[in-house]
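Shared between the two complexes below is subunit A, which has subunit B as its partner in the first and subunit C in the second.
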Partner chain A sequence: MVRRYLNLWGSFFANSLTRDMEYKANLIGGIIVDIIFYSVQYFFFSIIYSYVDTLGSFTREDVMVFLIITFISDTVYMFLFSGNLFPLNRLVVQGDLDFMLLKPINSQFLVSFRYVKSYAIFSLVILVLMLLRQSSLHSADIGLMNYLYFSISFFCGLVIWYSLDFLIACLTFWFKNFTVGGWLSHELLKFSSRPDSIYTGITRKILFSLVPMALVSSVPARMLLYGLNVKLLMFQITISLSFVIMTFWVWKRGLLRYESASS
Partner chain B sequence: MSIHIQNISKSFTSFKREAGLKGAFQSFINRKYETFHALQNINLDVDSGEIVGILGENGAGKTTLIKLMVGLLYPTDGSIHIDGYTPWKRKNEFLKQISVVMGQKNQLWWDIPASESFLLNQKIYEIPQAEYKKTLEELVQLLNVEDKLNVQVRRLSLGERMKMEIIAALLHKPKFILLDEPTIGLDVISQSKIREFIKFYNEEHNSTFLLTSHYMNDIQALCDRVFVIHKGHGLYDGNFNALVNKIKPQKKLIFEFPHAPAEDMIVSLQQEFEFNLIRNVVTAELPDKQLTKLLGSLFKLDDPVTFSVEELPVEDTMRTFFSNPEKFL
Partner chain C sequence: MFKFLKKYSAVIKMTWIQTLEYRANLYVGLFSILSGIFIEYLIWKQIFVARGTELIRGFTLNELVAFIFLSMIVGQLKSSWVTSIEMIDAIRSGGLNKYLIRPISFYTYHLMMFIGQNSLFYMAYFTLIAAFPFIFPGLAFTTNFQVFGFLAALFLAVYLSYNMYYIMVCISFWFHEVRALVIAYNIANIILSGQIIPLRFFPEMYLKIITFTPLPFLVDFPVSIATGQLPTDMWASKFFLGFCWCLITWGIGKTLYYFGIKQYGGYGA
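Here is the complex of A and B:
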């Protein structure tokens, strides 16, 4: 089962790459735009954070690692999901979901993974190299185990982000046309691009439970920088599992309301 | 695959409002919903290997019925069983045995050649490589698109694109195929090729076909049996030619005399039969028996230069039917 779906994803990737390569300028332009975007962001935040010694519990060098992790989350998300979840509203409103529902595979999988933004892989490679470099420069002793905990936590963070985005996109089944959902996701994303320690009070509670965007990048950064925090990792795993289960349920409920569109 | 549809109904809820800004405001504050009954108590049984045409005007409920049969929609009431499967449960085993071609929607990826989408379908339907290759070759040859396989879909003509859609739909050898306006927008040659292909495929594979089309020539060429839907109700289920004869049992006679016939003879014949005479050509639209009698009488007057007896255009007949279906049934 897992092998079949991995194979299928491989086919989606091959198809998307074939499609992206049909338009050379667009592909090369996409890679350049991504590199410029992350460079500008990195440069901009480096300047801002160079004026402060600490941000919440993060030191200046922690923040640099955190920033790169945020960019990696963003790129992986773009690579896997950005071409799929944002257009869900159009698929539902225009009835284009029809052909996806007729395929003998899990429809949520198909809707979530069918298009891979293939060229994001170039930015991803650059960002991973940047992370390795930044970690090696960090004063903390970052060992292999840190990378393992980071990977688990990073995966959970991605699951949380996907789930939240997917749940918002599914609202279109109830509201018929909910293009604002895409923008809502975009705004929520901003909460994950700031260190969790800056949030306090009720905001912190919300960002760790109802809208757990604080768990997307900050927790993986903590795992990498400070090593395993069992309580925090277990909490993140629980939240990611709860959210992903919620997506299965909401998707099924949403499909009950799907009306397709007239021919 | 046999299909058993029992008392199926489907309603949609939508809101209505008056036109204009005022209507938009009123609707925003106090939205008024209404229920639209797209289908009501539809019953239909289809045997394996049949080609059944679904007829109805725009908005009659044809596409809704098709979407219920493939499980895209959930019914408000009633049941559908297709070889023991309930469509809207969307079991993979069921989905592997069906296929839908929608004339107005694409399943192929627009920016890449159709062959790439076919490869993706091979993976999705788990078609073994040898079988995939054989089926693809067979379909490509039958539809005569060998040289178009590696052309971007967006660069294909409408007819070529439809052929590729049909290939994509048949690669996994479905047993039950639904065609929703498969020839829409195509020129007459492409229409006829697709018709020939469907007929051949049905005979070769004994697949069950359900077809909706506004082109009555499609229906006439492919379907012995039709199911007529009118305003969400099943109105007729039976032989297509029998329906046509019921609506307009006439045939058209054109009889050309060598010279204009004597006027008194014509006047006397016109008392018995309804026909027109322009110069020396008689034209009449009459039921079979009357037409034979008239023909005999005309032969008695003189031998013709030429004469013909034709079926009336089925498009015209069906147009008459849909203007007031209850009148004929």
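Here is the complex of A and C:
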């Protein structure tokens, strides 16, 4: 079963790569947008850190690692999901979801993974190299085990982000034409692009539970920089599992409301 | 002139009706501003506490938050990237034809459409701005002069911003795929025009470069007027400079369109 779906994703990837290579300007444009986005974020924090040495527990060098992890999350997300969840609204409104539902595979899988933004691979390779370099220069002792905990935490963070974005996209089943879904999830994502140490009190509790954006990048950064925090990691795994289960449930409920074209 | 106004006010009305159908845009827009200002407040609060000072670059924490709050509102009102993407698509797909065979201007039609699309935001944000003296008493709009100055500068910022986007739109006559350019500009603009950090917090080197561009007139200028950060005796010279930038960008846009339309095949890319 897992192998079948992996093979299927491989075919999706090959197909998307062929499509993307036909539009080279899009490919180059995507890379340029990524570079601008990273530069802007870097510039923002370089200004912030010209006025202060630490933001909570995050020093300047910690934030550099955090930023690269945020960029990697963003790039992996772009690579896997951004070409799929954003058009869900159109699929529902125009009734094109019918074609997805007729295929003999899990419809949520098809809707979530059909298109791959292959150009993100270039950014991803560069960012991973940057992370390796930045963490080797870091004053803290970052060992292999840190990378292992980081990988688990990073995966959970990605699952949380996917789930949240998917849940927002599914609102189209209830609001009929929910064109602002992409914008809304982008706005929520803003919370994950700042270190969790700036959030305190009730905001912190919300960002660690109901809208767990602090678990997307900050917690993986903590695992890499400060090592394993069993409680935090278990908590992140629980939240990511809960959210992914919620997507299965919401997808099924949403499909029950779906009435094909112009529903 | 009357015909011109009648024609294009119809475009605003039409877009206004369409916009009213999608009120969710407004709620997300408000959420965007309020969540944005909240995050900035948390960051700057920590910086003020860590430094143990009352003032950074002449701003108290409240003054800074008020400044950023207004900057975010102005930043969102002046951004016409969605309209620009539609214009680029029209050029790429041959949709420009319908403007060429009708007595309407591609430039003015989309300017009016942009104003119409943003009309809901204008109303909601002007309500927020009207509440400003009560939320941040004494920090902005302390005189009527500041209110009128702000409105004039905002008008200038919106028009200048539209012209800058229009230049990028016209580039698509030669390089069909320039959507990435518009998006990249939009992302860079969030920081470089001072939308989330006031320009005077930037390093000197960057400030010197930015001064020679129209960027300070997009957000920093109207907000500095509203918050009293810009001395009144400098208003006239700044308005004049902003007006010159409007003329320059308008001229570049017109020239690019003039030559670009000769490249246009009318059948789509």
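What to note about this one:
What we mean here is this: the second predicted complex is superposed on the first by the 256 of 263 C-alpha atoms of A that agree within 3 Å, B and C clash if a C-alpha of one lies under 4 Å from a C-alpha of the other, contacts with A are read in each partner's own complex, and residues count from 1 in each chain.
Note that in this section contacts are C-beta pairs under 8 Å (C-beta built on N, C-alpha and C of every residue); 3 or more make two chains touch, one makes a residue touch a chain.
It should be emphasised that the depicted structure is a prediction, and the values quoted were computed from it without experimental measurement.
In this overlay on subunit A, subunit B fits alongside subunit C without clashing.
Looking at the shared chain after the overlay, A:L8 reaches subunit B, while subunit C stays out of its contact range. The wider contact with subunit A, measured as residues touched, comes from C rather than the other of subunit B and subunit C.
Once chain A of one complex is fitted onto chain A of the other, the partner contacts of A:F43 are limited to subunit C, with no touch recorded for subunit B. Of the two partner chains placed by superposition, only subunit C is touched by A:G30; subunit B is not. Contacts of A:V180 after superposition: subunit C is touched, whereas subunit B is not reached. Vectors from the Cα centre of subunit A to those of subunit B and subunit C enclose 90° in the overlay, to the nearest 10.
Closest approach of subunit B to subunit C, taken over C-alpha atoms in the A-based superposition, is 7 Å. In the superposition on chain A, the residues of subunit A contacted by subunit B and by subunit C overlap at 23. The touching residues of subunit B, when paired with subunit A in their complex, are 12, 59, 63, 67, 70-74, 90, 92-93, 95-96, 98-100, 102-105, 107, 109, 111-112, 116-117, 119-120, 123-126, 152, 180-181.
Listing the residues of subunit A that touch subunit B in their complex gives 4, 7-8, 11-12, 15, 18-19, 22-23, 95-96, 98-99, 101-105, 107, 256, 258-260, 262-263. Every residue of subunit A that touches subunit C in the complex is listed here, in rising order: 23, 25-26, 28-30, 32-33, 36-37, 39-40, 43-44, 47-48, 50-56, 175, 177-180, 183-184, 187-188, 190-191, 194, 198-200, 203. Those residues of subunit C that touch subunit A in the complex are listed here as 22, 24-25, 27-28, 31-32, 35-36, 38-39, 42-43, 46-47, 50-51, 56, 175-177, 179-181, 183-184, 187-188, 190-192, 196-197, 201-203.
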